[in-house]
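What follows are several structures.
In what follows, chain A forms one complex with chain B and a second complex with chain C.
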Partner chain A sequence: MSEVQDRLRQRVAELLDGGTIDLFIGYASADAPLKTAVHVVRSSADAEALVWDARCTSNLAALLPDLFKRPQDQRDEWAAPRVGILAKGCVSRSIVGLIKAHQVPREALHIVGVGCSGVVDRHRAARLVAPAQLSKVEFLGDGRVRLHATDGSEQDVDLAELLLEGCLECRHPNAVLSDESIGEPTTAADGSRFANVKSFASRTIDERWEAFRQEISRCIRCYACREACPNCYCTECFAEETSPRWIGVTTEPSDLMLFHLGRAFHQAGRCVDCGACVSACPQGIDLRLLTQKVNEDVESLFGGEVGVSVDRLEPLLQFEMADDEGFMTEP
Partner chain B sequence: MNVRMLDKLDLPSLLERLAETRRLIAPVVDRTGARFAPIEDVASVRWDYRNTSLSAKGIVFPQTEPLLAFRNGEAEERIPETPSTVLFGVRPCDARSLTLLDAVFRGNGIDDPYYAARRGAITVVALACNEPGPTCFCTSVGGSPGDESGADVLATDLGGGVLLRAVTDRGDALLCDLDVGRPAEDGEIEAARENAAQAAARMAPVQVPTDSSRLLNAFGLNLWSDVAAGCIGCGACTYSCPTCHCFDITDEQKRGTGRRVRSWDTCAFPLFTLHGSGHNPRPAADARLRQRVLHKFSYCPENFGQAFCVGCGRCVDHCPTGIDIRRILARLDEVLATDSEVG
Partner chain C sequence: MTETTDRPDNERIDWEPRIAAFLCNWCSYAGADLAGVSRIQYPPNVRVIRVPCSGRINPLFIVKALQSGMDGVLVSGCHPGDCHYISGNLYARRKFALMKSLLEYVGIEPDRVHFSWVSAAEGIRFAELLHAVVEAVRAIGPATKMVKRIEAVP
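Coming up: the complex of A and B.
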């Protein structure tokens, strides 16, 4: 892993010094267990802080749309920056979606692809040591991780036990679109998909309603899920529109449910299951259950995965006479 | 003031008696971690938690609070009726944050009736920290693992027993009323002090700028766009913060009937400062993050005489992009100390 990291630092310094890019978006270490910081590199000296490992959970594509918006105080002499970005598989798929949605110009990007073996779900790790907190995490090599807790205890676990659920079902660990790659490609897992949706669907309607109600009741309306998501680039979100006001500002069940259902539906045909919303949520809400449900519907009804090709329109942007319309009457 | 020593085995019966006569709010643990909850079954109370994922501020300043109801032009205020409450096991940082919220909602000639009703009903039994978390920095912002401010009673876990020290008259009355345990011995009081001192020694110090006149000039520094480069504009930092207290007021109505609601708001959202004209005086993340930092460390010291940060580390734990206020403060301190153009 560290060879990839060394190569990354070297390449980013070259790209900046050679004038290929103005800035590079990557990850740097953070002073908290299992966390990394989003790191925007503007000089080759800053490239030394770049890291690449299983703690790199943020979907860096979420930072892109704002970089290509002209600042309100610069009308004439503003030129779009040339942006380098580190892209694991899911990040590259989000970039593909942003290019097709005309949020990011392809020619302004220099995508550095990297093979990903999955990233850690800090909430899963936290649950293993609760009610103490993680004080330190050591990556031991060979897929083993040592968790140190604030009560002085320590335990060794398999890295696979800590990964985001989505990573376990990932079919695109390598960048689907890139200008260059660093390190060896990762082999995709060949397991079943939508395990969580299937297991949830097997419960009774009352159980599902109760589980949904309880899960959503923890939401604090911080919108970390929305802001961490590359798909949420709308200038004005339905959740904050005031005329008309679609939903209230409270944390009462109706407002919370409406927000989360609205958010999930807006992901249909766009979500790449990167897990950034799950990682971002301070309350550890199982947001993936909702997004995977719409992902499964889109795939089973209209076929095709989203964000795998710049040239192909996404399923919900196409129309065929044979398209299933049953969802309108048979939810 | 009473200082009592309680055998740990007697703790459940103490909690039972509290819950019988008062509303008891204490830490419980679910799959998200620890959180404060009203207690019905005292067996669910956790004593061994590090800190709660969210702070205790929602107990005195709820995220959603109806202020009044109206119907056909007639309005009726909704001052909450709060039963006598014991907030049990809150960490010293959160207990201290209540004194800061008091300054906002019950100081400088202001007495917010909604806040006052909730706050006035609460007796705070704080729980000293024996082990700091990896993002704790209370000792760098005027607190400590054994800090008594904001507490009516300070509890310390001494292994086999719990030392309960009354800090205020209200706390003393609570201990007298409960009449639990036995008077503590000097060695036990000393052991509690020693525990807190050791916990404090295990916390990494943070360089916090305190010169308020120089801090006022930090507004114009170049570092803000750099430290906010990763900020995505969510409210995870402010909503988990025990001292952030900004709110919005909204009317919800339907055909002449409705209510006025107060809800948390945050300077991290673009909407927070968006004018009706479409102009936004804080147009980007750097201006918004600067507001959060300077509000805590410059404007609040000017207005209330204290920085509005208790060093709980929650904003560091929860930031989705790894922004760390400890790093920002250290950098600010360094720049203010060396930059001759500032101050």
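Coming up: the complex of A and C.
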């Protein structure tokens, strides 16, 4: 992994010095255990801070739309920046979605693809050391990780036990769209897809409701899930709209549910299951429970995979005369 | 956290379901109108909201209606191929398929939410549809799950 990291730093410095790109978006170490910060590199000296390992959870594509918004006061002289970005499989699929949505011009991007073997879910690690908290995490190599807790205890676990649920069923660990690649391609995971949706759906309707209500009731409405998501580029989100006011300013469960149902629904045909929302959530809410349900329905009803082709229209922007009507009421 | 309690409606023996019906201007609303002018009886439980097209209906309207205390929601538009705007109902069909499935998945009774096509000539079908919807909603009782409750300030 560190070989890839060295190569990445070197290559980004070359790209910046050579004038191919104006800035590069990657990851840098952060102070908190199992977290990385988004790192925007503007000079080749900064490239030394770039990292690439299993802590790189955030979806860097989320930064892109803002970079290409033309400032109001610079209509004529403004030129879009040339942006380099480090893209694991899910990030590259989000970029495909952004290009299709005309949020990002393809020609302004220089995509550096990288094979990903999955990233960690800090909530899983936190649960292993609970009720203490993580103080430090060491990567021991050979897929082993040592967790240090605030109570002084330490335990060694397999990295595989800490991965995001979504990474266990990832079909596209390598960039689907890139200008160059660093390191060797990774092989896709073999976990069965939509395992969490299938197990949730097998429960009775009242159990599902109770589980949903309890999960969502923990939401503090910080909207970190939205901020972390590359699909959430709307200038005004329905969550903050005042006319109509979709969501009351309360902590009443139905208002929280409305936000989460709306958020999941707005992901239809666009969510690549990168897990950035799950990682961003301070409450550890299982957000994939909803987004993956929508993903599964989109795939089974309308077919096709999200974010693998720039040419294919989003499923909700098209229709077939023969679309399923099994859900409809006949008198 | 507000405790889930049954609405006062639930205690009343004469509870009648309240149903929000989003009807498209060109077909279903006209179908409802035809049922009216033809003096066809249909249950008075429905509160009709006229919209330009079924494609105009944001699926969040449905969730919002349930949150606002409606016991059921009916969405109806032109039959496929008959849309005044050519294809609004076909886009709507995809959105509603997903939303209905998502609501059922999180534990909302599937019979709370109904979709159907009603043309401007189908006054009888509209009345039959409403009978079916009202009976389905009556069978599952008053909505309690999504309904917003604000505790009274003591």
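We take it that the second predicted complex is superposed on the first by the 324 of 331 C-alpha atoms of A that agree within 3 Å, B and C clash if a C-alpha of one lies under 4 Å from a C-alpha of the other, contacts with A are read in each partner's own complex, and residues count from 1 in each chain.
The rule is simple: a residue touches a chain if its C-beta (ideal position, glycine included) is under 8 Å from a C-beta of that chain, and two chains touch if they have at least 3 such contacts.
Note that the structure is a prediction, hence the values are computed from the model and not measured.
In the superposed model, A:Pro33 makes contact with chain B only, not with chain C.
In the superposed pair of complexes, A:Pro71 makes contact with chain B only, with no contact to chain C. Of the two partner chains, chain C is the only one touched by A:Phe212; chain B is not.
Of the two partner chains placed around the shared chain by superposition, chain B and chain C are both touched by A:Glu252.
In the superposed pair of complexes, A:Val298 makes contact with chain C only, with no contact to chain B.
In the superposition on chain A, contact of A:Ala62 is made with chain B only, not with chain C. Judged by the document's definition of touching, chain A residues 248, 250-252 lie at the interface with chain B and also at the interface with chain C. Within the complex formed with chain A, the residues of chain B that make contact are 27, 29, 31-34, 46, 48-51, 53-54, 63-64, 131-135, 229-230, 232-236, 238-240, 248, 250, 252, 261, 263-264, 266, 269, 271, 280, 283-284, 313, 316-318, 320-324, 326-327. The touching residues of chain C, when paired with chain A in their complex, are 1-2, 59-60, 63-64, 67, 74, 80-81, 87, 90-91, 93-109, 114-117, 125, 128-129, 131-133, 136, 145-150.
On the chain A side of its complex with chain C, the touching residues are 197, 200-201, 205-213, 217, 238, 244, 246, 248, 250-255, 257-258, 261-262, 264-265, 268, 290, 293-294, 297-298, 301-302, 315-317, 319, 321, 323-325, 327-331. Across the interface of their complex, chain B is touched by residues 28, 30-33, 35-40, 58, 62-63, 66, 71-73, 123, 126-127, 130-136, 150-152, 218, 220-224, 226-228, 240, 248-252, 276, 279-280, 282-284 of chain A.
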